[in-house]
Amino acid sequence: MSVTVRAYEHGAGTALIRDALKPLSRGAHASAYVAVGDVIDTDDSDVFLKGHGTQVIGDRLVATQCGAVTRTDKLISVRPPRERYVARAGDVVVGRIVEIAGKRWKVDLQSQQQGSLLLSAVHLPGGVQRRRNAEDELAMRSVFREGDLVSAEVQQVYHDGGVHLHTRSLKFGKLEQGQLVVVHPGLVKRQRSHFISFEPLGVDAILGLNGLIWVGPHLPRGEDGAPAAAGGGGGAAAAAPEREVRERAVRVAAAVRALAALHLQVFPSSITEAYQLSLEKGVAIKDVPQPAFLKLLAEHEAARRHNVMAAEAGGF
Amino acid sequence: MAAAPATAGSSKPASVPLQPLPRPATLVADGTRLDGRGLEEFRTVFLDTRVISRAAGSAYAEFNSTKVMAAVYGPRQGERRFGFSDTGRLNVEACFTSFARREGGRQAQRAAEKELASCLAAALEPSVDLGKLPKSVLDVYVMVLEAGGSEAAVAATAASLALADAGVELFDLVAACSVSDVSGQLLLDPSAAEAAQQRGGLLLAAMPSLGEVTQLQMSGDWAPGAARDALELALGGCAQLRAGMRDTLLAAEAARQQQRRRDGGDGGGGGGGGGAAAMQE
Amino acid sequence: MQADISDAEKLYIAQGVAQGVRNDGRGCHDARPLELELGVVAQANGSARLHVGATDVMVGVKVSLVSPDAAEPAKGQVFATVECSSCASPEFKGRGGEDWGIDMAAALQSALQSSLDLGSLVVLAGKTVWAVHLDCLVLNDGGGVLGALSVAARAALAVTRLPKVEVTMGEGDDDEPEIELGDDSEGTPMGVTRVPVIVSVAQIGSRCVVDPSAEEEPCASAVLHFAVGPGGRLGAATKTGAGGIPQPALLEMLEAAQQLGPKVLRELDGFLAASAAAASARAA
């Protein structure tokens, strides 16, 4: 039973990662922060592609948003630090049902508009794709209720910003047996699969591109991706995970929070590294998102990037 | 602060300012309180049900100078703006009559009414099986006619009786009582004069048959051990009170049955039989 | 204020608590770390801002000279108000936050009235006393707001300085004494040793956890908030939540609060002493 009282430092996480990575940035490849209207250094090269958040005025590249300059080969773009999630077709997202209205569920995606999950876009129990009838509409609440978390895929984004979701594959649907970690959407990048299974740990994670991440103990799934637990959705009430598995799942969630505090990208290998580091250093789960471990994690990341850059330089 | 008497010939009667609450030097002497009670005795308790004919259920509780009336309306349709709900809603409103309290203007009275309402809601909610009342609301209205000490406790008791009288499905009756720490001595069911001089006060509402506490409010300053003793005293008091509440409800029902038999078949279901249970220790 | 949370998440949390593992890895008797900033509002006589998890609260203290209450001529006065800013949560807009704020302000005020040395706030008995106004602002709700407010209030009061007052008696017998406020820079501190901190203990299933987070609060059938002073003295207690608490659980929760409260006070006092020492070292 311990209590800590310490001084509050504004933006402690940002300061830590900035200090750790400062020695690595050099020259034009430095991540400079620019404000609206600033001219971006293009290395005196004529051949560049203007990316998001920039425009060409005359012969100069000017920023249209405040943020960090990112360069990918010849593509120069400006990423604002506090962007809200913008949906694109094919995105895997995690959202919370907020309303049931006329044959559709309204889903909060932490985006500018709520997502719509139509009754016809949902996989109903019974397996077979069948026509939705009036009874289904009355029984919508028995499928998803207000407050439930669901994983879904963005089916289509309309020109007025409306987002339509679907859960037609069995791997999508109501989320049970786990906890939600909310991070900034910019920290989750598009990947081959957003349904991660940390095999040796027995922990599963769903990385929603809108910044909502679901972490929980591994739920066995069948070939088609459907949960194989008895009674599908009712499996939650059936078997509570054992204490060890739960501790590992909670540690993974804490690792995700630590990465988010340092504004580092969240993807399977970064989560695994943060997890392993916390075990190596014998950090208690509740201390993982705290400044002491964040410092270690920032230094670890700096060392990793240094090695990567050294390898690249050596390869030339 | 005595008022000057009205002079002869003036048409307006002189207004008599409220006397401040008397503060006797000793409240307890040799284990006997000013009104002759022992330290762990309730005041004279009078409980009655079916006092308001229009309400689904109602009750009146009088602990000497603290008089509270409670009425229950419902269950009835909840308002749409609260959205869908699997469980019912308990809505409690409390008011003090303008002559109920000695001190405080309208502002203070409104604040006290809000506080009392939320205190009662918390005390009563665990006892009501709201799961059996989806999309419905139960309105409980409590009126304090005279505030002579421990109003919240008496109000909770009256409200719980009213809920039982209304036929709402309850897990148990809720009995509530207060305990005051006056100069190191614990007094059960304090009067206003005793509460005014307390070093620490405690309100406890419980469901005695289930052994569960539904509301706890403490104020003032309590030594660690004294708090525990006060809690145990209050729990005992609640158990006593619940027995009285049960007697009231059963007596009322017996009287109603007798009345029905006397009236024969001519539609006379009216008139609540008053079942009064006076508790004397 | 309740967070939006699904039944599945609540079940996961409840099962975890039963096993002694909370969602953030804490044990049932672990409180979250407290991050404190002092003197954040220059115009106030004392102020503090506290971060606990996602909860962010700020307390400003202003003192003024007033005539005492007729019923208590030899005591100063203390008032607390709590505002839940609409910026903090869309749930707070309109009346919702107001009622919650009123309840918390009442709890804080009652705790302070019985623990601050009000007799020491008298300038001229019967005529002039100090009135201490605490204005509390809830900037973000991450669970445990009442506890956070109590810690911030104690910290703000600890750094509050009462301006020096010079009383010159009138020349004649009927003349009113003159009261002059001294320089703000030299003030007297207030006696805050007995000011309690509020420890929240939630009942989840059959276990109790201290300092519930925002996601744990909706899982709790009941939460008890105890104002605990030094030595485990109890100041005040309130219950929130619609569930009943079995008698043995009630005593267990009381015990847990009486264990944790003094620890929080010790750490807080240590931090305040260290900051004061650092501040005077800087000034020197």
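In order of appearance the chains are A, B and C, and numbering begins at 1 in each one.
Note that a residue touches a chain if its C-beta (ideal position, glycine included) is under 8 Å from a C-beta of that chain, and two chains touch if they have at least 3 such contacts.
Owing to the predicted nature of the structure, the values given are computational and were not obtained by experimental measurement.
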Highest contact count belongs to chain pair A-C
Closest to the centroid of all CA atoms, by its own CA mean, is chain C
Compute the distance, rounded to whole Å, between the mean C-alpha positions of chain A and chain C.
36
Counting in whole Å, what is the centre-to-centre distance of chain B and chain C, each centre being its mean C-alpha position?
30
Chain-centre distance (mean CA atoms) for chain A and chain B, in whole Å, is 53
Chain C touches at least 2 other chains through residues none
Contact set on chain C toward chain A in their complex:
4-9, 11-13, 15-16, 18-27, 29-31, 33-37, 49-51, 215, 259-260, 263-264, 267-268, 270-271, 275
Under the touch definition given earlier, write down the residues of chain B that touch chain C in their complex.
20, 111, 114-115, 118, 122, 125-127, 171, 200, 206-207, 210-224, 227-228, 231, 235
Can you name the residues of chain C that touch chain B in the complex?
71, 99, 102-103, 106, 110, 114-115, 222, 224, 226, 229, 231-247, 250-251, 254, 258
In their complex, what parts of chain A are in touch with chain C?
1-9, 96, 98, 145, 147-149, 174-180, 216, 236-237, 240-241, 243, 246-247, 250-251, 253-254, 284-290
